[in-house]
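The structures come next, written out as structure tokens.
You will see chain A twice below: alongside chain B first, and alongside chain C after that.
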Partner chain A sequence: MRHLLRFFPLGDAIAAGRWGVVLSSVAVVALLLALPWLTGDPAAPSRWLSGCESRVVNVTLFVVVYAVLALGLNIVVGYTGLLDLGYVTFLATGAIVTFDLLLLVRTPEGLALRVGENAGLTGQPVFGFDGSIFVIMLIAGTICALIGLLRGIPTLKLTGDYYAIVTLGIAEIVFLVYLNESAFTGGAFGMKLDFAARPTLPWFEDGQWRWVKLYHDTGAFYLLALAVLGLTVVLSDRLDRSRIGRAWAAIRLDETAARACGIDVSRYKMIAFAVSGFLGGVGGALYAIWAGTVAAKSLDIWQSILILCAVVLGGMGSIRGVLLGSAMLFSLRELLRETISVGGLELRVPPEASFLVYGLLLIFVMRFRPKGLFPRGSGESVPVSVREEKELLAAPAHLYTLAPAEPTETGHG
Partner chain B sequence: MVEPLLETRKLCRYFGGVKANRDIDLRVMPGSITSLIGPNGAGKTTVFNAITGIFAPTSGEVIVRHPRLGTRSIGGWRPDRICAFGLARTFQNIHLFADLPVIDNVKVGLHPRTRRGVLSAIFRTPGFLREEDEIHAAALHYLAFVGLLEAEHDLATNLAYGDQRKLEIARALATGPVLLLLDEPAAGMNPTETLALMELIRKIRDAGVTVLLIEHDMKLVMNISDYVYVMDHGELIAHGPPVAVRSDPRVIEAYLGPGGGEHGHG
Partner chain C sequence: MAEGGTRPAALRLRGVRSGYGALEVLKGIDLEVREGEIVTLIGANGAGKSTTLKTISGLLAIRAGKITLFGTPVGTLQPHEIVGLGLVQVPEGRRLFGDMTVLENLEMGAYLRRDADGIERDLEHCFELFPRLRERARQRAGSLSGGEQQMCAIARALMARPRVLLLDEPSLGLAPLLVQQIFEIIGRLNREGVTVLLVEQNANAALNLAHRGYVMETGRITLSGPADALLADPKVREAYLGH
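Entry: the complex of A and B
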């Protein structure tokens, strides 16, 4: 019974009686689901669908996509304790792989394309795959997981600043390669997804389920992005509070002691790199569809820094913190793009100057909350109630190999 | 004849020109408490580090006769593999996972004896949940064994010094060792705590785990050891039962300087 409860998301929190966590999680999910309805046009045939085209939902989508990326980075930075300055590699690869796959199956020219040339053309499916977003996310994620593993080989023995510098260097190399290999990436011009090359998704429309084309301002994409974020949160949380997560924590806190506890440090770092890369690839695929264009030029070091800022701002290793940090930083980024008219004056922050604002924000947070806005909790990996604990102590313990010298001593309450 | 559980043959460890260990021959009999003593800088911790793989021996052999897993020469193995093979250790300068709760420190120790990987953790398979329960129960038992059950939920860093030492022992025991290597477990303890530690070490030995001990506290060493090795300047200078070692002139000289024996020692 207890196991059945713990199988479901939030089951742990319910079992441990942490109702605050349960209620706030449910409230946030409900709010996100209702958001298009709240911002929609009451006169439209579907208020919820019309709301998906609103500015608020668009900014929320931007936050959701980057929150997936930030949670992916958090695996390496927050859980394993390695400062990764090259996370943009996964974002760029995921986005480029998404576009390449779509161009491949949906345009006759395949990959040898430039912006605009694919207008109105449809390609041939490969092995029955004709652009399903689920398959695309899986492929993008897998490729990025492999890149994460490859990148792990030279960086495995590095810690601290050395690891940060090498990841930064590798990201720069990848950046330059993507900028120049224009056959795959569109080079300096970038790539654009037009009508024909959109990915597909099953959607209930006109009274039946059918495959529809996915646009950034549709209800289908909004729900997809929320679902991916939800799964990412569940995955992060479950890994964190498991044997794997404890091994990562051990590596983060004391590598020597981790080794002395029988943890194969290289192996668990590699697992972190692969999972982190996978999430980066999935986030990159979402980013590609949200943005509609991918230019290698814009996927530079600043993307890594921004995602890292969201993690540090919210609290490294804390899922709630990373979500809050992403929400603050990336909604601020969109807000700073707005033009405000005050008495005929057009006020606008220059795009370059927006980094001043992030910098200031980060300085304030580090000054007053050095562990982030919502720091990682110090609770147990698996909270167990007193009653459950008594049952566990009474049951035969297979992993306990010492014969207690005085049996009475273990009969504790 | 009973063969030693751990045997080092001509174990050497050099750091550049510094010969931290030269030709160390240790024999730790199963079921014993064996001590390694010597003045500061004698190279005791280096012996531990070479045995447990923190760094590889420069030359020589480390042989372990594991009752279930067989005999292996473990010199040069990675520390995590040595730990999984049944040699657990504590550190002179405590190496706990300071920001983790006490119980999670012990759970990390159970790592080499558990299996569940990424996918079962993500999907929360019945096997994963069962293993987590077993880990939890075993961790509680180890905490009870060292007497830290009450402190289960505290952060390791908030424990008193003596309790931190105990927690490190519990974590090491959780890895399921046949040999436990304790590096100065009584350092910084008051006499009462040392006495309790002595009881704990005996209890560990009685439970079937062989103990190899580095210690400065002579009273502790002489009281509980079955066999004592004495090191000075990177070499073994004497070994034998505590009574014999105590009166060995070379040992007295190493500890008190030439002529020190005239004034006797405790």
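Entry: the complex of A and C
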């Protein structure tokens, strides 16, 4: 039983009887599922569905999408211990791939992308079949996993600041490419998902199953995003506690020691890059549907920094921490966009200034909780007291070994 | 102590050169460790002792020459492949996983092994060799004292079930009593069948333990022979034993 339990994210907590952790986790999941109902209009035909259009659910959905990205970044930053400053590459690629696939149409002249000046084209969408979103997420994830591997080749031998700088540089190159290759990114004008291009999911409505188009306020999309986040949490947790996770931990703590233990450092780093990229691509796909429009210009370095902030704020390598960090940072981001009226005065934080607030938040966290709000559990470790150490040095030799002490010649010393 | 002259070579270096960047540290090393031996490599700071070990274990790329382990060329293999062939290094400065517990560190040592029963037996053996580690099993390795850390580093290497063990300065920074302890353990491991290549600054202790020794100066082997002979050699006594 205990063995079986280990396969589930809360298994260890249940086996160890840490009911506080179990109950709070279940409560969070229940709250997320019930949130549209709580914020819905009691008079609406479906209170739950009407709640999906509320501001609260929309912000929650935004947080959920970014939490997938933050958990993806956490694989490299939190588990493997490499500072990745270019994670936006995966968000951007995932989103652009999603747009391109959804805007790909079959016309009498052949395949065409409804991007830029071709936006008005009509034709049969190639990915217009029902349920195509799952295929698209897989493709976006796979492409980003490959980019992760590709990016791994020049960065494999780099650690610390050097890795950070190179990932930052690569992300800038990718950013400029996307900005200029307007044929498949829409360039500075971006791309837009219209009704025809929207993917569908099945939904039970008016007594029958039907396919509904996905928008940021569609109940089916909210559930899809929650499911993806749930799977990401399970995947992260399983990986962290697997042989792969042990190798990542060893690399994070001491790469040379990891090599001395027989760990193929290059291979496990590559696995981390691929998994992290895959999750970034899937997160990017969700982002694309959520946003409905995307301009390459908006997917810049600050996205990398913001996602990284969420990971550091919550606690690197801690799933609960990263979730909490994402919830705080990304809901704060939405809050800062609100306009508050005080006595006829319209108060609003300028978008450029919102990073000041994140900066202050990070400074406070680093000052008072340097390992993040919800740090990675450090086990039952207890530090050795100075007294014990002194005793150790003073204790007679026979305390340390069961081997019969052999006379050692010291005549030459 | 120089028996074993007929035993097959466990580790053999022929004309090995390596270094860092433009700096060539090893300028053609010939060295041999036979099965069941303790061989020590002594020399002053900067002679290239640690570089030799790093090159053998694959942490540093070989530039010329040949390294064979039980007859298999290993010069171009990756570190993890060399560990898989039974050559394990206790790195200089211990290099424990500070945030893991002692037990987790030992488990990491057995990373390449799949035989759960064997791992369990070897863990018990490590705790028997180093009873302090059993007491500290659930503590953070980073919280251990220097001596305990050295014990943990050796035990972690043993968990890989090495046929050849490379030790880099195990006595560094330890109280004399602990040095004696560590050396006794190395002797015991050797009697249990582990071949040992020991790099030491503490030449006296190392030569007292070893069967044979090599003296290294600025990237070259300048002297080699049975440990007794080296201990008696006037040049060695003057340069490394303080006589």
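In this text, the second predicted complex is superposed on the first by the 343 of 413 C-alpha atoms of A that agree within 3 Å, B and C clash if a C-alpha of one lies under 4 Å from a C-alpha of the other, contacts with A are read in each partner's own complex, and residues count from 1 in each chain.
Here is the rule we use: contacts are C-beta pairs under 8 Å (C-beta built on N, C-alpha and C of every residue); 3 or more make two chains touch, one makes a residue touch a chain.
From a predicted model like this one, the values you see are computed outputs, not experimental measurements.
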item: Which of chain B and chain C A:351 touches, first, second, both or neither; value: neither
item: Touching partner for A:235 - first (chain B), second (chain C), both, neither; value: first
item: First, second, both or neither for A:244, with chain B first and chain C second; value: first
item: Contacts of A:377 with chain B and chain C, given as first, second, both or neither; value: neither
item: Partner chain(s) touched by A:160 [first = chain B, second = chain C, both, neither]; value: neither
item: Which of chain B and chain C A:271 touches, first, second, both or neither; value: first
item: Set intersection of chain A contacts, chain C complex versus chain B complex; value: 243, 246-247, 249-250, 253-254, 256-265, 378-382, 384, 389, 392-393, 397, 399-403, 405, 409-410, 412
item: Footprint of chain A on chain B - complex, ascending; value: 52-54, 78-81, 83-84, 88-89, 91, 95-101, 103-104, 107-114, 116-118, 121-122, 124, 126, 128-138, 140-142, 144-145, 147, 149, 153, 155, 171-173, 175-176, 203-204, 206-209
item: Touch list for chain C against partner chain A, complex; value: 57-59, 78-80, 83-84, 88-91, 95-101, 107-109, 111-112, 128-132, 136, 138-140, 143-145, 147-148, 151, 156-157, 160, 175, 177-178, 180-181, 183-185, 187-188, 204-205, 207-209, 231, 237, 241-243
item: Chain A residues touching chain C - in the complex, by the definition given at the top; value: 243, 246-247, 249-250, 253-254, 256-266, 378-384, 389, 392-393, 397, 399-403, 405-406, 408-410, 412-413
item: Complex contact set, residues of chain A against chain B; value: 3, 6-7, 235, 238-239, 242-247, 249-250, 253-254, 256-265, 271, 275, 378-382, 384, 389, 392-393, 395, 397-405, 409-410, 412
